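The structure under discussion appears below in the form of structure tokens.
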């Protein structure tokens, strides 16, 4: 395998994995639900994105043709992930989950 | 034309998806075409209000912008998360909507959620205001302005004008 | 001459009276229809009887169940002839008698039917030439007598008496069955002739004592021998014709008949002597003594019957041929006088309205003719000379003396016999004196009593005449019959005896006089004796028996309810406990230590395993927080699908993932109607038990999994790998197995899914559930039922998901995928529409009844399977072909794809049938709340 | 290619599918479809029966794949007998249910057919995993049928029935995995050959698999301590369903006999778990008799009698000799048909007593007592094993074939206890009448259906000779598994 | 290079999953748990894709795609349950 | 690896058993679910573990055993059908017995 491609693949893998982890760290350590909501829905998105990039590169290189199948994963995830986040935010607001005291503005009543 | 191809954008999307899934061959191109025509027709009843695509180039530019924003903001958010959470300045921000089309509003909300640091928490019943939760914001007004400028306006052009 | 047909006649006759009753025949006609066939049988008996009387045996045999040794075999020898005559003859008299006895509003048709059933059973019993057949008829007599005794079913006494007699005689019958089966095995045949011929072999066999005890249990229960006598008095709740029949000539005689029948095979041992004589003597004394104290006319007769049966039994037990002849003779005599006495008692009951001897007095003045008849019969019973009872009683005394001479209990037998005679005279004296004399009647329900209708007396007259005729002219009347019967009983030559009235002054005669004198003396002391008897603790066998049965029922109920305590937890613990026990016994440590090659464990896998383990444990520990538990179960499912990914099972991963989503929807739908939390209600003990079961079973399965994974094996799988492509036309071997190699499994599997859909639909119909008006925190539900983002996104997802479904479906044969997964994706996409926009919205856009979809799916799969028939191949044989189209290129068409399409539709139909209908529940609830 | 052998599965399967398509409002059409399909099973199974008794074992390679790779259906005498029995039971049961009971809930007719499909499939299949699948088919259909109609009692019993069987299914799968993981096959005949060649760990695992199968089949058969679910489930099911269920426990017994006869009758693992089965069967016999004595409802009492017959039968199977198995088969046929008939009768009696139902307590005269009482008498006599009906001969045959004093004693005592119990309930229901019931008139079609089943009792007595010969011939073939194994594993067949 | 990146990548993602599990266990609220589960699904996608690279196989792609396409339905159902109780109205 | 999988199976089966023995329908449903997960994996591993040897012709050189996979697929489907039925039955119980106790006992009867 071409070392440049291999480097890129490795980099994307590490990038993706790192973002996956960072998102999950956010989920684990941020202090209120609304804040935690940001971790996964973003970092994980790029986490998956990084992996997909790695995969695209890797398989395209292996096959020596463009392999774009994985793009669909990103497409679907980008369509669906905001829905989860939105629905969970609504649920949290409905339940009146506590937000950090210094949060500006206020959630809406459901 | 509308009868056969009620949702050209969707059909295109489906055809592209089919080709992505199967890789290129003439056979699949044909089969994909068939599906791209049939599936929207079959699911026609589920589309009471057809979103109309008015500006394809604008859409492509918009998508590129969003992707770029996602990448950039991801880094920012990563730093925010890894730093002490105490330094975050979270806020619920209300964004008055200029968009009226449900589909366009949804795309805007998705975009907001996908770009780091913001989550669309809710939309008012009258579709006039959006509630956004922000991870770290200094000036909510500025953020609202930026979102309107960066995302809402292009979307209005793409779907509504 | 067909004996089988003769036995059949009463059974056939049983059909006629109910039929006649249906046709509103008069009572006389009814009685005539009942009498017709027995009469025919009796007449029919004439010809074979001639042969028997001249020393022959008439037999009939057809194989019935050869493997059981059961033949439809009948024999008419002396013994059976005697009993056949008694059964039919007295039976006919009883039919005549019953015509007048039963009142107009009683179901005489049914009565006669039962009576004839009983008659047939009795006739079959006495003529059986096969042991199993004999038991068959034996039990039939118990059953038909149950119906007869319970005929007046509105009376509690009748019901209880019937049940008790059935239970006691039924028990004896079962013992007899066991005894007879052993007897047949020992003798090597169930044919009566062969068994009787094998007497020496039987007595020498180690099983002889057991056989004897079992057979005697049958005999003693049936013949009401001590200590099984108690049912008989309670059987007096039956209408008197029944008593006259069952308790004189037939039912109770079945026991002693059996003693006679098996005499050659079983008698002649000490055990026989002690058991049979002992029971007989005890019964003789007990019955005779208690009879005196009965105030009920029929009660007196019942105990007298017990006593006389004891006498007969004792005679059989003496192991003397002459005694056996005496026993047979007394069977005849007892039948005649006791039948007539029961009939007389019935007449008295009929005419006075009571059977209480304390009220019935001085009937001599009101019904002298009946009185004469009854007195003669009673005298016969008491053993007064010139009557038949005297003759057999003399023989009895003589035999008792004879046996006493050789037995260690020299004094006991003659003294006992005399004492029995004493009491017999005493209760006979009471019967005569207390009923026909002893002052004026007291407060009779019917007063004044009259003589009964003319023809009601005819049967009594006939029987009494027989008593006299036999008593005076034994030689002319019974000697021939007795001789053949005796011969048949002994199974050999008859001993020397004379049937004469006068044997000279001898010891038996002395005993007779002692009996007469002692009897009169005792009767004269009756007031004192009655008073003493009254002071004895009351013993009602019925109460005791019912009490015993009740106690048994209570015990059974306690045991049954303890085991079947209605607790699923306990049932499941039993089931799992059995499994745990089995694992503990069978699993060995070697399973863990003798392991072969293993895959190396890497950190990521270990952490993945850890995640699963923690999630599973969270589920178990936090299961009371139901939502948390649901989510941790989902994590387990997710990791399981990752395991499938990791270990080369992408099809499984896809399936697991999509099923997971549907299951989640299902659970969330259900949660709306279920409590959010589970209360704490298991004690520490139960939790401990359950944890133990969980550890043992979980551990055991784990150990087995480890042992299995680390051991080598040869399997049939190479065949699938080799033949998938050439034979099944697909490269995804898992899918080819599913749709081809083992397509029949899949056919069954989608059927299961379809049925589950149907069952769930049926369960949900009309189900009324209360849904929560607020959420678990007491807040009213959110206003936004159909959030904009969800609604808007769900719509493009539908065609996208359908596209993916098509993709997954088409590639399934060659790569991971297939109809099932495709179906689930489609279902989820459609369900998402339900979730996003609601049932009504969706149903305005597509048909909401998914039954046809399930049917179409199953039919498609099924018809694809059938199609192979047209080419001469078995069900589900697949075929495939590669087709080349210009532009499109080469592609494959396989019948398996059609089958897979069926799978697809079934999955979609069934899933939606389940979940959409579950989703609709709340609409009903809303409607209910609204109106 | 002769496809008749698969007809007992496909006829009800297709009938069930058609029933789903048929318009829901047209009741008569659904009834006609169900009844015709069920009636059609009678000649079909009769023909198969005749064929099997000619001595040949017919093997049907599904998908044209040879054993042990593909799934095969195997028609031997045992399976043919069970099929015929099922169709003979199903016709009256469905006839009864079609007099109105099929209307009290949805999808009855379809569920009934699919239940038959499952039962017949279980009898025919020669593949262990396919047996699991058909078990599931018959179970899921039975869940639906058991819960058909409404009422809390039915639902309560249903939950127990379903949960226990779900655990049972999990255990079944574990056993199958062990079987495949050690012998590498799922075909019964192939398994029978290979399991006896195992040693070491694999053998231990195979033993556990075998015992696990006994537990699973024991649960279906309702053996102690796994029968507790049965009385409530059967007693609460609608009558036609309960009648059909009379054969369900026999599916468990069949499975025990089938696997036992093939794999554990001889060879290295001969007699696996046999002693345990024997003991458990006897305990079942006794406890069921006591249960029948103490039952408070007639339906429950009959359900206990079903369990009692299970104990009687499994002891016969565990005894293991061809003679014992032959006797068991005769008894099996008898108890299935008679108990089925009694369930129908109990329902009729219950209907005739109005609100009191089939509770064993003094109450009004059941409407139509003239017809019901004699039938009850016949059924009771038959089921407790008194002459002159089938139960007696079954008992005699079993006693002759199983010369164990304990068995005799328990069999006879249990019979006596059942006799006492049934005489109590009979005299209470028919004799201790307290007036007239406020109940509908006796439905003669229903009575006919019950009579049809109970007619088995005298019929099996009259034709006991040939029937016992048939049972013995079946047992003879069963006792020689090589016939079966050769027939299955020697069939030629190509791919695709 | 890949031989380092792959195990590290696996480790990071599994670690992420563990953190998600921690949040699921910890809660404290139902939305938190649901969010944790949702995140696990997304991380699982990354894991599967990574596994595909590691084994040079595209056979696992569909599994990842399936999660991306329908995995969110579970989360939606839970969220809908929390807000409306009734997920299909 | 085998030991880890064995432990995983043990835990799923064990927790499943524990939950099946609870008194309310809901934990029982969860227990059945866990139990069937464990059993499915057990059936799956009866073909032994193989890494990256998918049973697709031409893709792997020594493909994994495909048969247990097919069996598990069938088992998953059947398990789903059964679970669904049990869930709805639990609802029926809730509706008719007004209790989610597996024996239909009302809360007031328990206290």
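Labels A, B, C, D, E and F are assigned to the chains in the order they are written; within every chain, residues are numbered from 1.
In the analysis below, a residue touches a chain if its C-beta (ideal position, glycine included) is under 8 Å from a C-beta of that chain, and two chains touch if they have at least 3 such contacts.
No experiment lies behind these values; they were computed from the predicted model shown.
K.L.:
Would you pick out the chains that touch chain A and also touch chain B?
P.N.:
Common contact partners of chain A and chain B, which must touch each of the two, are C.
K.L.:
So, comparing C-alpha centroids, which chain is the farthest one from chain A?
P.N.:
Relative to chain A, the chain with the farthest C-alpha centre is C.
K.L.:
Report which interface contains more C-beta contacts, comparing C-F against A-E.
P.N.:
When the contacts at C-F and A-E are counted, C-F has more.
K.L.:
Express in whole angstrom the distance between the two chain centres, defined as the mean CA positions of chain C and chain D.
P.N.:
The answer is 17 Å.
K.L.:
Find the geometric centre of each of chain A and chain C from their Cα atoms only, then give the gap between the two centres in Å, rounded to an integer.
P.N.:
Whole-Å distance between the two chain centres: 70.
K.L.:
Taking each chain's centre as its mean C-alpha position, how far apart are chain D and chain E in Å?
P.N.:
48
K.L.:
Could you state the distance in Å from the CA-based centre of chain E to that of chain F?
P.N.:
21
K.L.:
Using the touch rule from the top of the page, what residues of chain E touch 2 or more other chains?
P.N.:
Residues 10-11, 13, 15, 17, 30, 34, 36, 59, 65, 69, 71, 76, 78, 80, 82-83 of chain E each touch two or more of the other chains.
K.L.:
Residue numbers in chain F touching 2 or more other chains?
P.N.:
16, 20, 25, 28, 40, 42, 45-47, 51-52, 54, 56, 59, 67, 71, 74, 78, 81-82, 85, 89-90, 92, 102-103
K.L.:
Tell me, which residues of chain B touch at least two other chains?
P.N.:
17, 21, 109-110, 120 - these are the residues of chain B that touch more than one other chain.
K.L.:
Could you list each pair of chains that touch one another?
P.N.:
The list of touching pairs comes to A-B, A-C, A-E, B-C, C-D, C-E, C-F, D-F, E-F.
K.L.:
Which residues, counting only chain F, touch chain E once they are in their complex?
P.N.:
51-52, 54, 56, 59
K.L.:
For the complex, which residues does chain A have touching chain E?
P.N.:
On the chain A side, the touching residues are 1, 3, 6-7, 9-11, 13-14, 16-18, 20-21, 23-25, 27-28, 33, 36-37, 39-40, 44-45, 47-48, 50-52, 54-55, 58-59, 62, 67, 69-70, 72-77, 80-81, 83-84, 87-88, 90-92, 94-95, 97, 110.
K.L.:
Sort out for me which residues of chain E touch chain A in the complex.
P.N.:
1-2, 4-6, 8-13, 15-17, 19-20, 22-23, 29-32, 34-36, 38-39, 42-43, 45-46, 49-50, 52-53, 56, 58, 61, 64-65, 68-69, 71-72, 75-76, 78-80, 82-83
K.L.:
Over in the complex, which chain A residues touch chain B? Could you list them?
P.N.:
Listed in rising order, the residues of chain A that touch chain B are 19, 22-23, 25-26, 29-32, 34-35, 37-39, 41-43, 45-46, 49, 67-69, 71-72, 75, 78-79, 81-83, 85-86, 89-90, 93, 99-100, 102-108, 110.
K.L.:
Quick one: which bits of chain B touch chain C in the complex? Just the residue numbers, please.
P.N.:
Listed in rising order, the residues of chain B that touch chain C are 10, 13-14, 17-18, 21-22, 25-27, 30-31, 35, 39-40, 42-43, 45-47, 102-103, 105-106, 109-110, 120, 123, 125, 127.
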